[in-house]
Amino acid sequence: MINVGIVGGTGYTGVELLRLLVQHPEVNIQVITSRSEAGIEVAEIFTNLRGHINLKFSDPAESMLDTCDLVFFATPNGTAMQQTEALINANVKVIDLAADFRIKSIVEWEKWYGMKHACPDLVSEAVYGLPEVNRTQIKTARLVANPGCYPTAVQLGFLPLIEAGIVDIDHLIADVKSGVSGAGRKAAVHTLHAEASDNFKAYSASGHRHLPEITQGLSNISDKPVGLTFVPHLVPMIRGIHATLYATLTKDIDLQKLYEERYADEAFVDVLPHGEHPETRSVRGSNLCRIAVHRPQNSNTVVILSVTDNLVKGAAGQAIQNMNLMFNLPETMGINQVPLLP
Amino acid sequence: MINVGIVGGTGYTGVELLRLLVQHPEVNIQVITSRSEAGIEVAEIFTNLRGHINLKFSDPAESMLDTCDLVFFATPNGTAMQQTEALINANVKVIDLAADFRIKSIVEWEKWYGMKHACPDLVSEAVYGLPEVNRTQIKTARLVANPGCYPTAVQLGFLPLIEAGIVDIDHLIADVKSGVSGAGRKAAVHTLHAEASDNFKAYSASGHRHLPEITQGLSNISDKPVGLTFVPHLVPMIRGIHATLYATLTKDIDLQKLYEERYADEAFVDVLPHGEHPETRSVRGSNLCRIAVHRPQNSNTVVILSVTDNLVKGAAGQAIQNMNLMFNLPETMGINQVPLLP
Amino acid sequence: MINVGIVGGTGYTGVELLRLLVQHPEVNIQVITSRSEAGIEVAEIFTNLRGHINLKFSDPAESMLDTCDLVFFATPNGTAMQQTEALINANVKVIDLAADFRIKSIVEWEKWYGMKHACPDLVSEAVYGLPEVNRTQIKTARLVANPGCYPTAVQLGFLPLIEAGIVDIDHLIADVKSGVSGAGRKAAVHTLHAEASDNFKAYSASGHRHLPEITQGLSNISDKPVGLTFVPHLVPMIRGIHATLYATLTKDIDLQKLYEERYADEAFVDVLPHGEHPETRSVRGSNLCRIAVHRPQNSNTVVILSVTDNLVKGAAGQAIQNMNLMFNLPETMGINQVPLLP
Amino acid sequence: MINVGIVGGTGYTGVELLRLLVQHPEVNIQVITSRSEAGIEVAEIFTNLRGHINLKFSDPAESMLDTCDLVFFATPNGTAMQQTEALINANVKVIDLAADFRIKSIVEWEKWYGMKHACPDLVSEAVYGLPEVNRTQIKTARLVANPGCYPTAVQLGFLPLIEAGIVDIDHLIADVKSGVSGAGRKAAVHTLHAEASDNFKAYSASGHRHLPEITQGLSNISDKPVGLTFVPHLVPMIRGIHATLYATLTKDIDLQKLYEERYADEAFVDVLPHGEHPETRSVRGSNLCRIAVHRPQNSNTVVILSVTDNLVKGAAGQAIQNMNLMFNLPETMGINQVPLLP
């Protein structure tokens, strides 16, 4: 059994980690911390967990995280970088679900996240936890930077095209749409039901924090800097990300075959049959990414549709996938749920 | 392994049976029939099941259901009664998720369901599949009539009050609210998203088919006919039932204790702490019924709040709970999922 | 033209007042105050108003409200009572959309609202602004207490029964459901889209502030104290209230006729034909209350269904209806919009 | 007063025409036809209209449409082309809200709409009813082809760029999202609330009927054929279209100024201040198109965000705008409602 600690368990990625970990056959949840809710039963805050967990939130200061085998940080950006070094030195593995270790360039990170990085040394060691790209390195990593929700859907969508070198990488377009849980479980006006339901809008069109993460990932694959226009939108639904990706083909190959072969051995990437359109609910509550490939009017513009559940493959599920790899467990263990539909 | 057949697998109770049964450790899904979709991959209709099932819908006529150990009918009312007798005679157990065997009075059934009953003889044998009331009989039943969604939530809510004989049974009120999936997966105007979302209404206030089912169940418990006013409403959500139940107390006892004791040994009924309010999402995708007991202003009107997922405890999950009992398996096997929240 | 001031214009009742008043033919919006947004264009906060209003929020301290003919308070409870006396003394009429002047008993008010009343003297003068009950007094009022959203739907629903003296007033039940805008436009977790959508729950079952307001209103009509059980619920929709009301008949009369005659001359109360069920969207954006009368199974339990738009007839629209009465304008002026459907 | 007839009034464009026309000061609704609902009160089907209209649906055969001044066709594609010629010959003006007269190439039309055109002669006479492009011709038209919902939002968004000749017209991208009412008020499975809510998907990525309409319109403006990739998506909301448009700049000019000047005199096109993002609810129930211009990372990819209410500016409202022009009324008459928010 892996003794697991969770730091910051009161957000959506926290409760999603709990939903999955309480039934993971090789995990013992040893501690879950929350400054604001210390002393309160977890199941009192997250009523779906009543009967599945008997644990109270504990004060971070008294949590003895260094006795865990693995600590997940489900905290706001800027928290994990304060505590990771001590844990690593105590031989505790760390998976950060926030952005602290995702961007290799400290300058770039500090620009987009608006704070000084507390732990730049570990950034270069951290492995970017996208198993479909970095599986080998993840297996031996001490510190995994779990990818963002948009970056997961976008990179998995573009990956085969860029690896194959058959698109103009200077003019990629990612028109992405997210459910409201992507904004987190925090009091706010613009994500109230009365504001966000029965409504649709773009936001951060001039620049979103996930842009440098995606371009870093795609540039690593292409070995050249890519040019990406990235426009996120807010969808009146709870979970789900839908990326609609556009690229200009520079070569004419069988795109369906390219995608099917690239992902043939991936348990969590499902390439749909030719002509289909994935829908977000088809992955609701699951760790899957479903992808479809279109080439409208047979022009040289390829359209990739890529969907995930932002809280699972886009956060907690992928973190557990990384944990399974780091602890040499079957990669799908505990995260093979059937999506909930309808 | 139990070899299972499903008749009529293209509705919501059908896909929900599949979602749960494909991961049930003691079940082999042998056949699933659909006249309209015969020959088509199940996963093509229900994309959430891609990767979890390799089965095509088969024509009912060629399905050899009599080689199954158990057949679930997830069909419209009036279908199971045509085929059950032959299956029972072939030693196949049957669980009907529709209403064909729920009402003991044939006259009453024919009045509410508007057709002649094809198989009245089996009605008296059929066991009403509410485990919290009829567990012993279910274990040896050949034919189980799986309860309706509203009747499950309402009966579990009223049960302790009526067993204890402490309310006026002539004036019970059940104000119940259901998500739209309760209307089934069939083309219709009034349940379109553009009609049913951002809207709330009552329907069938003058009489709904679940009324005689509930009154039969409650009358059995009280040994006297009960008087019930039952008003269903349509909620702009997918899954979930919320019953708000009102009764006039005739005796003054500790209601919280009454409920906690009555359900102490029930795996799927959760009595919330005093003062709480259950929400439908806290049982989403799970077989749970969560109940809270209120007595506003300490008057003699008791208010019971009872929530279920209409497709699980109100249909497919309860059917599998009954199957587990009929085949002497642990009652919770395969239906112990953590509710999906948010 | 009436020169109008609005205090506290950044909530939902504020923007709804603006939506209706900018096209009211006899109104000039002179000033709208907001401490937090002073100096900002109204249309910048409420983008639906771009092109319809050229006004900035102004600081309450500099707003010269005493030069208005009428001031609406669209503020949290406890604000209007601080400022009303000075305005009344300056010959400015006041309509308070909050609860400060609704409850005649200061003791009762202070118990439910948890603060000391700053202006008890004016409470007795204030006219409760339900035109269908108090039209004559409203016409000459200096100060109108605009009813709450639940109280409007519930009182209009029960009114004919109680006036006719044909129900047991000791055991009234109001099972009411509200859209999320009823919780106001303020940052909170429980009304986030990710929390409140695809979900249904009761709240405050043991006691809600609108209870004393409703019982006061119904008791005034019956001339005896009424006993009411009042359970509010949260519906995953933006606007709309649906009250399902239960009462025990003590006399047998033609209920449909009773309701049709009672409301024959009311422009904003629509009694539906026998057997119908009102839906909240049928009044969306309008000042209407639609009511249906049911008597299931011809028992002695009568069921009244009453729907309103909580922001219009339940708040801003009714306030303008009161304004029209106070300034001797046609009662429907400016509030005769067709409901938006779908 | 203009005597107006509406053919096919039971769909969403029909009820929306009614919502707006019943309060239009210069319109008398003389007749509204529906084969299926003939003899039934309009307000019985569309309960929002109770109290606003006293008209029954009439049988098309007995409707004497030729005594109207103007007939709106709110019918499925293929109906208006059967009846328009006779009406025109009887001096009745016609506005078709369906697609029968939108595409000038009969070959192209027949390919996309899958039927033979019944009235090709009138196609060339028909004026495409986008007032911001064809105002002069609309004023004297006998027959107006009212634009589709997607084409309105997309053309108004691209218009200034293409008129100015500053983008690569061979590689335009329109990623568009529509509320579910765009699919019409007809019984179907895929648009049920239980299917379409809490979900997001693309559809018809390989080719949608609105593609040739948009390319025809944009090609007319550029005087050269444009190349467009057009991917529609279904949003879990009732009303609203959001077009996210991408183009590659070939010249560097002040884009904000370009848009503001182009639409300075347009009553129904609102260019937002620099940096803002329009949301669909900001035009809910109104005839507005709101547009924002972005140039992320100052690259040569311009991003235009354009929102409309698909039932108003995308259908019924624009039809009335065209009517106002054809009958020499103020262009905004009867369609100047404030959007409903929240």
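Note that the chains are named A, B, C and D in the order they appear, and that numbering of residues resets to 1 at the start of each chain.
Rule of thumb we're sticking to: contacts are C-beta pairs under 8 Å (C-beta built on N, C-alpha and C of every residue); 3 or more make two chains touch, one makes a residue touch a chain.
The structure presented is a predicted model; accordingly, all values stated were derived computationally and were not measured.
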- Query: Which chains make contact with subunit C and with subunit D at once?
  - Reply: A, B
- Item | Chain whose average C-alpha position is farthest from subunit C's own | A
- Item | Chain pair, A-D or B-D, that carries the greater number of C-beta contacts | A-D
- Cα centroid separation, subunit A vs subunit D, in Å, comes to 39
- Query: From the C-alpha centre of subunit A to that of subunit B, how far is it in Å?
  - Reply: 36
- Could you put a whole-Å number on the gap between the CA centroids of subunit B and subunit D? 45
- Note on the structure: subunit B touches at least 2 other chains through residues 12, 179, 181, 185, 194-195, 197-198, 236-239, 278-279, 281, 284, 342
- Query: With chains as vertices joined when they touch, what's the shape: line, ring, star, complete or other?
  - Reply: complete
- Note on the structure: The answer for subunit D against subunit A in the complex is residues 171, 173, 175, 177, 179, 194-195, 197-203, 205-207, 211, 227, 229-231, 233, 235-240, 242, 244, 246, 248, 275, 277-281, 284, 292, 294-297, 299, 301, 303, 305, 307, 342
- Task: Note which residues of subunit C are touching subunit A in the complex, please.
- Result: 12, 179-181, 183, 185-189, 191-198, 236-238
- Query: What does subunit D use to touch subunit C in their complex?
  - Reply: 12, 15, 19, 22-23, 46-52, 181, 185, 197-198, 238-239, 270, 272, 278-279, 281-286, 288, 290, 311, 336-342
